[in-house]
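One chain, chain A, appears in both complexes that follow, with chain B as partner in the first and chain C in the second.
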Partner chain A sequence: MSEITLKNICKQYDDEHYAVKDFNLDIHDKEFVIFVGPSGCGKSTTLRMIAGLEDISDGELWIDDELCNYLEPRDRGMSMVFQNYALYPNMTVYDNMAYALKIRKMPKAEIDEKVHQAAKTLEIEHLLKRRPGALSGGQKQRVAIGSAIVRKPKAFLMDEPLSNLDAKLRAQMRIELSKLHRELGTTIIYVTHDQTEAMTLGTRIVVMKDGIVQQVAEPQKLYNNPANLFVAGFVGSPSMNFCDCYVEREGDRCTLRLGSRDSERKIYLDGVKAGMLNMFHADEQVTLGIRPEDIYEYEEAAAGGFEKNTIGMVKKVETREMLGAEVALYFEEQGSTFGARLKPENNTQVGEEVALYFDPDKIYVFDKITEENIFYKEGM
Partner chain B sequence: MSQTASMTLKRKGAMTQEELLELKQKMSAKALTKRRTKTGLRIAANVAVALVVLLPLLYALSIAFMPSSELFTTEMNLLPKSPTLKNFADAFTQVPLLRFIVNSFIMAGCITIGQIISCSLSAFAFSFLEFKGKGILFMIVMATMMVPGEATIISNYLTVGNWGMLDTYPVLIIPYLTSAMGIFLFRQFYMTFPMSLFESAKLDGCSNLRFIVSILTPLTKSAIGAMAVYTFINAWNMYMWPLLVTGSDQKRTVQIGISMLSAVDSQSITLMIAGVVMIIIPSISIFIFGQKQLIRGMFSGAVKG
Partner chain C sequence: MKTKKGMNVTPYFYLIPSMLVFAVFLFYPFFKTIYLSLYKTNKLGEAKIFVGLGNYTELLTSASFRNSLKVTMIFVVIVVIGGMLLGLLTAVLCNKAFPGIRVFSTAYALPMAIASSSAAMIFQIMLHPAVGIVNKLLGLDINWLNDPNTALYCVAILTAWLNSGINFLYFSAGLGNIDESLYERASVDGANGIQKFFSLTLPGLSPIMFYTLVVNIIQAFQSFGQIKILTEGGPSESTNVIVYSIYRDAFFNYRFGSASAQSVILFVIIMLITLVMFRIEKKGVSY
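After this line comes the complex of A and B, so read on.
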């Protein structure tokens, strides 16, 4: 059992600048929590504060109903996997894994058993006599995880553990990590800047920016219901497209005009969404967001029954990426690049024009000033 | 594909197998002579320079075997005509040279061990620990390198004199138990260490001292080796301080003992040279055995990798 609670955790290096500000989170037993965000957002700092490698400037850290702000790292019962593995080069793999147990003066036989058990789980038994220098990146990573496992910690802290591996190995280790999480049933707190890793591994994701938590949610909810523009742009690959548009009231309906007030490119909205926009943002400029996978050609739009609700954007293709299962087209809209993921049958070449339709149900609208998602559903 | 293959075959076919072989041999013979000449020239140049550099040393070696009558002639005596070991034997009887050598070993050995311990500990603090004023403190330590030892020698002498420590081993050793150079050298070496190694050890429950002993030290063998060679040679060659603080034969170091050889009988240069030849043996042999370590240690941190 391990419950980790962070209450208003702050990290301050000087009087004005906060590396982490008011971080609040309850981490339950057996959760796989991911801290994700661009570099410098304070995710690693938060992890290091939980580990005890950084002092907590303000706030409270509770581990299993014990206030741990001033507890030494060794007494917090955490084990950490570092980006560069941090294996002791002068010791064999076996000694590396056994080191923490040796320090705790565990009987030799017990250490031996635990190390072999962990090595078996990670399939590194044949490497036990080698030194870290003679291992490949993936093997080193396993050993690092192995040394973390043997201690049976309250929680694993992982600081970008996969970012030194090549793409293929990373995908493989990702699968193994989530398998390991199921098998061990331990809490894992994992830091990454890669949203794919976050989406695939986490049971809950904490999106951070400039030291402030933007949203905490399960992967699917984060994807469907982003709290603000930043989260919407950060989650999903390729990322969401954004452009400016105007809200125009037409009775119960609402029209979004792309670009300028008199633009002929329009999207009609009905129902609750239209009501919300009409009520609070009528005649205002807002930011529209649409994911590349929610942009369609005419046939699909017609099949989905929304071809009449959006005016097709006729656009000149600037880049075309054939990905096999789909084709990605990129074009320019209001000075930024827009992407659309279409069926591979689409044969539009660079320089040619294509008409595209936005799925009105999948449209996000963000406040121009606060950048918050206007359709955000609290508690969903 | 098959077309190009047949074409190259045809082109090869224009020359018979023997002709090809002959051509190949000719070419490689030419290349070989060229390479050998180059190597030969390089060796010759090296030997010439080495001779110039080593000449004083070799001449000293030769003098050490000369009877003194051979040295003080108007003839050019580069090599001893009747080599003798008498000089070496006399050096030991004229002054207690063995005692001096033992003293020097004790002094240099203690200084070396002391410096390695103190420098590695303080370098650890300067590179791994976070504390207030770390940067300023390190700057002050580095600044002491700018102060020449001679500038403080009198005040140091007065201090130890007041403490009544003169003419003892501690007075030879204690003032040299640490050095800014050593701290700097170790710190540069430690800086190349990934910080996460230390943090990982901390999470494993490792104390600072245990980290130094069981992880840092095994990994910095080459720096320690370099430091040991450098410090030992420096300590062995110390002259001013031991001259100032020792008065009895019991505590004198060998460098002073050698100067005594020329003072006792100023005519006997051969005797003194014999002594010199004997006492440079330890420093030279340490250098020969330790030079690999020394070079590796000195340049560590200079280049990444």
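After this line comes the complex of A and C, so read on.
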């Protein structure tokens, strides 16, 4: 059992700048929590504060109802995997894995059993006598994870453990980590800048930017209900398209005009969404977001019954990527690149024009100034 | 350029300049020394009577030279261990960033920049039996440099301190090469400072440690200036290390043959130690 609670955790290196500001999170037992964000967003710093490698400038860190702000790293009962693996170069793989146990003065027979068990789980038994210098990147990674799992820590802390591996190995290790989490049943806190890793591994994701938590949610909720423009753009691959549009009130309905106030490219909304826009943002400029997979051709729009609610935008294709199961078309809209993922039958070539329809149920609207998601559902 | 047999001789021409320098400053004196060690010389250092290994047998049977060997060994052990420990300690202390680190680093590296003779002068005053600060602070009345029991230790400790400066630099560089994340992992793994030192710092330093050890041993054998100034080999030959004994035989007693023989013996000792060290290195040093 382990509960980790972070209360208003802050990290300051000087008087003005916060590396991490007001970080609040309850991490429950057996969770796989991911800290994700671009470089410099404070995700690693937060992890290192939990490990005890960085001082906490302000706030409280509770581990199992014990205040741990001033506890030495060795007394926090964590086990950590580093980005560069941090294997002791002068020790064999066996000694690397046994180090933490030896220090704790565990009996030799027990150490031996645990190391072999962990090595078996990770399929590195044949490497035990080697030194880290004689291992490949993927093998080092396994040894680093092995060194962490020989103990029964309160939580595993992983700092971008897969970022030094090649794409194929990374995908493979991702699946294994997921399996490992189920088998071990231990809390994992995992830092990454890769949203794919975050979405596939995490049971809960913390999205950070500039030291501030943007949103904490399960992967599916994060994808469907992003709190703001940043989260919407960060989660999902390829990322969400954004463009400016104007809100025009038409009785109960609401029209979004793309680009300018008198644009003929329109999307009609009704129901609750229209009501919210009419009430708070009538005649204002807002940011519209739509995922590439929610853009369709006429036939599909007609099949989905929303072709009347959206005026197709006719666009000249700039780049075409045939991906097999689908085709990605890229075009320019208000100075930025828009992407659409269409059925592979679409045969539009570069330079040709294509009419595209946005699914009105799947559009997101963000406040121009605060960048908040106007349709964000609290607590969903 | 090729000879008739097709051997490429051009590369050897490039070696000529450095070979010339070596020949003048190394090979000639080296062979001349060996040559002289087989002769009795006149006061001008000219070889006069061939005595074969006579100079060597004379030396090895002389109580004075055997004393020199013993004194040298004690001196080298103290200087090497003291100098390296001091260098290691100061380097480990200065491996963390804290305010004023530069002042400390400079202070610890400073002995490197002090000439051994000026350091010796300073120590002479500090160890002075009447006005020296050492006796004043310790409340003792010891004539440090004129007591056969203490003179060697005083000179050795001074030399250790002088050598610690360059050791501090070597070890600092070595410590900088140890990956910081290893220490972080060790902290999380549960290691305390002493465990980290023995399982990470020392193994991480082993390559540079070896190099430093060899250099220190050679340097210790060759110490001269501080002995010349502080004790001149005395009292009663208690600080008469081989290098000083060579100097005295050659330039006071004008026995160049004997001095040359001592030089050759010193050379053999240093070479043997270095060879043994390199043998051990292949087994014990982890990279």
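Rule of thumb we're sticking to: the second predicted complex is superposed on the first by the 380 of 380 C-alpha atoms of A that agree within 3 Å, B and C clash if a C-alpha of one lies under 4 Å from a C-alpha of the other, contacts with A are read in each partner's own complex, and residues count from 1 in each chain.
Just so we're on the same page, a residue touches a chain if its C-beta (ideal position, glycine included) is under 8 Å from a C-beta of that chain, and two chains touch if they have at least 3 such contacts.
Being a predicted model, the structure only gives us computed values, none of them experimental.
In this overlay on chain A, chain B clashes with chain C. Within the superposed three-chain model, A:A51 lies in touch with chain B and with chain C [touch as defined at top].
In the superposed model, A:A328 makes contact with neither chain B nor chain C. In the overlay built on the shared chain, the residue A:L169 is in contact with neither chain B nor chain C.
When the two complexes are laid over each other on chain A, chain A has residues 51-53, 73-74, 78-80, 82-84, 86, 88-90, 99-100, 103-104, 147 in contact with both chain B and chain C.
Considering their complex, residues 51-53, 72-74, 76, 78-80, 82-84, 86, 88-91, 99-100, 103-104, 133, 147, 157 of chain A touch chain C. The residues of chain B lying in touch with chain A in their complex are 194, 196-197, 199-206, 210, 215, 218-219. Residue ranges on chain A touching chain B, taken from their complex, read 51-53, 73-74, 78-80, 82-84, 86, 88-90, 99-100, 103-104, 147, 151. Interface residues of chain C, counted against chain A in their complex, comprise 179, 181-182, 184-192, 195, 199-200, 203-204, 206, 286-287.
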